[in-house]
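Presented below are the structures under discussion, each in the form of structure tokens.
Across the two complexes that follow, chain A remains constant while its partner is chain B and subsequently chain C.
So, the complex of A and B:
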């Protein structure tokens, strides 16, 4: 009651000509207890939202990483316990599967094949896509956008649909069972995406910079190499990682185009361990872990560029 | 430093058939001159500049810099330097490297590069900023770096493409002064492109006014102000715009006059050719005078006080006009102000073509 009496005394009167008094009513203050309650409710809501978000992120991470973790942990389990032990932590690790993998397969040769393919795909993709994308942004010709967009046409088909006609074409060209053929196949997949990504990148770059370089004394080619390329580092790194991923993890093209063991890349060589009668899961998991290892290393070092490159291409492409 | 000769230069982005961005551009630019290309957007001023730089190829005509025909040469072989509207500084390079880049590319000696970059930095007050990247600079600083990058090269010609338009009003005035000082010191041939007539008037030794790819008039700033070649130039130079009144040329008791509705204004003898019927009479707002007893009255509809001057807008005998006077405090909207049209300040143009009817000095002599 005392509170009410106090409030009514603060009401002020303002008189305007021809009007009754206008009362400026101060907004009623809530009792302190209620304010505190409101605040704590807000805090609770905020915390709950945060916890919810973290829980979702953790759930997604567990969902994505569990198979990988399972693969790695299983690769260091003794082979005889592979189907008996389902513990999530295993100590001490047993590398028998790895030793067996190296003894039974041409791991080093297959690894080198994979590295050759990946490096070749990265280098050729980077060089060609940079030139093609630059030409597509800077030269004027009719139907340019349609042409670049049509390069992504290949992604509408499952790789197998591309691989089979490719195998036929390569047989005709004498590239059957050849790493050159496989490199061309990998490029056919990596190049369109690479051009698309860099196209978005170059389009967003002001022409003025190259023109300034040309007035400064560069030819257009020098301006491209000295000014445009250094500024496109995030885009180039993204293209490099993409090309690496596509080539390194390719199974379908290598399966269709490569026959001999000496020419096989890691994924196909590994799959051939799974014979009809002999399932060597320990070696397969060890091999798969080794295949995944470089991907992790690269991603840890380059993920910043990767994300930057992707978002630049996505926003401005 | 060099003379520049632009001989019948034309540019079309759609091949020989046009439309023409620049048409039959002829101009001789003297060594050490600061020429301003001015005009509304799309008038071809930047395209002309880019053709001189070699960034756009001329569809026809010849560009000669320092006695050398550079028409087909790439930008790097023309020895020109350019300052771009958005500065175009290399974002990955420091201020020092931005300025040194052009010299590095040309294979200059390292010590010489260092000497020239530091000298340019000192003259533009950039010494403290040499290690910074462009993103750490303000607009005015970036503009100075862009100027410095041009300066170190010691080019034959400086090309400046709307270099001040990205700056705020205060900084623009300051940079304008700096460019004028720089030009006075270097006496270098400079071409400055702008759409701002104040920049053009204050900076240019000569001004070239362009419209739709065609030169409207080229001359000293005050020549353009005093004797505009056509209604476009008359309207473009001067602020507020010249008052233009369409009317008929009549003979009023042996004296020539222009009549438009209720307004009849006599024009000076022997100044204009008078064989046109329909004409446009022009008078600048600042040339109207308040004269008691004048037959013309302005009914004021708007008064703008800008400090030193008073701007009026109103109607004189049914014609909307502007007038500018030295500060007058007493005038209110709705007032009637007696206005006179001083004869010697009048301009006369042919209505159809917009071209001036002012006689050349030779014609005046012949006439008398």
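So, the complex of A and C:
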């Protein structure tokens, strides 16, 4: 959890009632006993507030994490006890659901499809959005504001307004049931966001740095590649993560554009698993845990980029 | 300063690609809505506004609109109330604050599919955790997906669980912009926590909340995957919304023109509401800092 130090230090400045130093001293006129009673009541109140705070914190943790925990713990429960046993902890974990998932479904193929889509989306979004955002901040032309505003606007389209025409156009172009078509769709949802995030980043970067490089004999293109891009690494990482998330989690476009089992990405494959055999909960939960796992790993290592992107409105949901 | 031709070329090229993959489908969607396309392979036939007329004469269209509005409004309300509440707690100092904050935004990054499957697993009327929990109190439960109220309630519940962290993160950022002196002054004047919240915290969060409610509103109204995964519009169209209706028309009834018309109308409604909203609550750029 890097990057939290500066956040929490600003947080601690905001003092809330009950946290500040005790400022009401008992008035000297009052008799000794009453003063002590007031003191102890204050202490009692403070303790109660503390207990209340920690109760709320624990409630938030349980609310946020328990469903995820329940998914994971159910996925390693022995399959014959899955429907009978609802104990919260047990040992040892049983991976029969996972082996069954791999043996009976195309899960690994679907996993690879998802990885391909995610990598393609990250790479192409990064390249295109870097050129667009850089051009929009450094080139002189009319309609810059319109360009950036239209990015935000595109980000708010109903997904079906893109998916319906894409399905029709891909039929015509021979991209039906093709991962190339799906890649185009994923780019359509990730690019507006990527441009928006990087635009904010490049805009904030002082122009002097490139100018210095150019004075030293670099062309503007070289300055962009050698100075601007390396300095924008945090922005590029944020864009990469959110492009990954959009592609990895996409259900709508994969549902509409992909038909055959071999081409499906994980979200659609998993959803159809439940429809096909209704009681395959063990496999379904194992599959769901495996979709979530890569996200958790990235989340732990890149927490601050998640927060940065999130507060810029990065992920629609 | 001379503009580097490589930068210019790459910029224009990228813009063209972007325009083709976003602008292209948009234009094509509007075009499709004026045609009758009986299937994906058949010829297109110009029908003018017939798809639109048919769409708004369909009672299901208005029912879907009302359903979508109801689901979106209740989800947004709960997300904002819960989000502000959680943010206020997480803004206090306590042991393990940064870890708890991370845990609290975790659901936001889960794919919708995963959240829907977890909900279906917990709420399963035969094998779910809720069933066994309630059974130990001697209470039986029915299938949530068989009744309008519980089906809508489940959709709202899952939406709240998944997307409240967005509100939490934005409100937490907003809370840092409220000057501490205001609270000190209020305490000196004898204002309790409740009055401090109404007179300082809430007004201080106004600009954040205006944006958050707008974004959440747009995304909830456009929501397709969550509803389709949970109920497919059932029972008896009680959770059908405009996005699911557009999907049903296009891909189950193979009426591409009709589906495109529904999607276009719902987009126009959304754009109209957005304009009114921004008129009522103009976004104050000077206060908003990113």
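Heads up, the rule we're going with is that the second predicted complex is superposed on the first by the 239 of 317 C-alpha atoms of A that agree within 3 Å, B and C clash if a C-alpha of one lies under 4 Å from a C-alpha of the other, contacts with A are read in each partner's own complex, and residues count from 1 in each chain.
Note that in this section contacts are C-beta pairs under 8 Å (C-beta built on N, C-alpha and C of every residue); 3 or more make two chains touch, one makes a residue touch a chain.
Please read these numbers as outputs of a predicted model, since none were measured by experiment.
**Q** Check the residue A:184 against both partner chains and state whether it touches chain B (first), chain C (second), both, or neither.
**A** second
**Q** Among the partners chain B and chain C, which is in contact with a greater number of residues of chain A?
**A** Counted on chain A, the partner with more touching residues turns out to be C.
**Q** In the superposed arrangement, which partner chain does A:212 touch: chain B (first), chain C (second), both, or neither?
**A** In the superposition, A:212 touches chain B alone.
**Q** Does chain B (first) or chain C (second) touch A:149, or do both, or does neither?
**A** Once the two structures are laid over each other on A, A:149 reaches no partner at all.
**Q** Between chain B (first) and chain C (second), which, if any, makes contact with A:259: first, second, both or neither?
**A** neither
**Q** Scan A:293 for contacts with chain B and chain C and give back first, second, both or neither.
**A** Touch status of A:293: no partner.
**Q** Given the touch rule stated above, what does A:173 touch, chain B (first), chain C (second), both, or neither?
**A** Neither partner.
**Q** After lining up the shared chain so the two structures overlap, which partner does A:231 touch, if you call chain B first and chain C second: first, second, both or neither?
**A** After superposing on A, A:231 lies in contact with chain B but is clear of chain C.
**Q** Contact-wise, after the overlay, does A:68 reach chain B, chain C, both or neither (first, second, both, neither)?
**A** second
**Q** Check chain A for residues that touch chain B in one structure and chain C in the other, and list them.
**A** 214, 219-220
**Q** Chain A touches which residues of chain C in the complex?
**A** Residues 1, 3-4, 6-8, 10-15, 17-18, 21-22, 24-26, 28-29, 32, 37, 40-41, 86, 89-94, 96-122, 124, 126-127, 129, 132-133, 161-163, 165-166, 169-170, 172-173, 175-176, 178, 180, 183-184, 187, 192-193, 196, 211, 215, 218-219, 222, 224-225, 228-229, 243, 246-247, 250-251, 256, 259-260, 263-264, 266-267, 270, 290 of chain C touch chain A in their complex.
**Q** Quick check: in the complex, which residue numbers of chain B touch chain A?
**A** For this pair, the touching residues of chain B are 53-55, 74-76, 80-82, 84-86, 88-92, 101-102, 105-106, 149, 153, 159.
**Q** Applying the document's contact rule, which stretches of chain A touch chain B when the two form their complex?
**A** Touching chain B from chain A are residues 206, 208-209, 211-220, 222, 226-227, 230-231.
**Q** Quick check on the complex: what are the chain A residues that touch chain C?
**A** Per the stated touch rule, the residues are 1, 4, 7-8, 10-20, 53-54, 56-57, 60-61, 63-65, 67-68, 70-71, 74, 82-83, 86, 127-129, 131-132, 134-136, 138-140, 147, 154, 156-162, 164-169, 171, 184, 187-188, 191-192, 195, 200, 214, 219-221, 224, 245, 248-249, 251-252, 255-256, 266-267, 270-271, 274, 281, 284-285, 288, 291-292, 295-296, 299, 303, 306-307, 310-313, 315-317.
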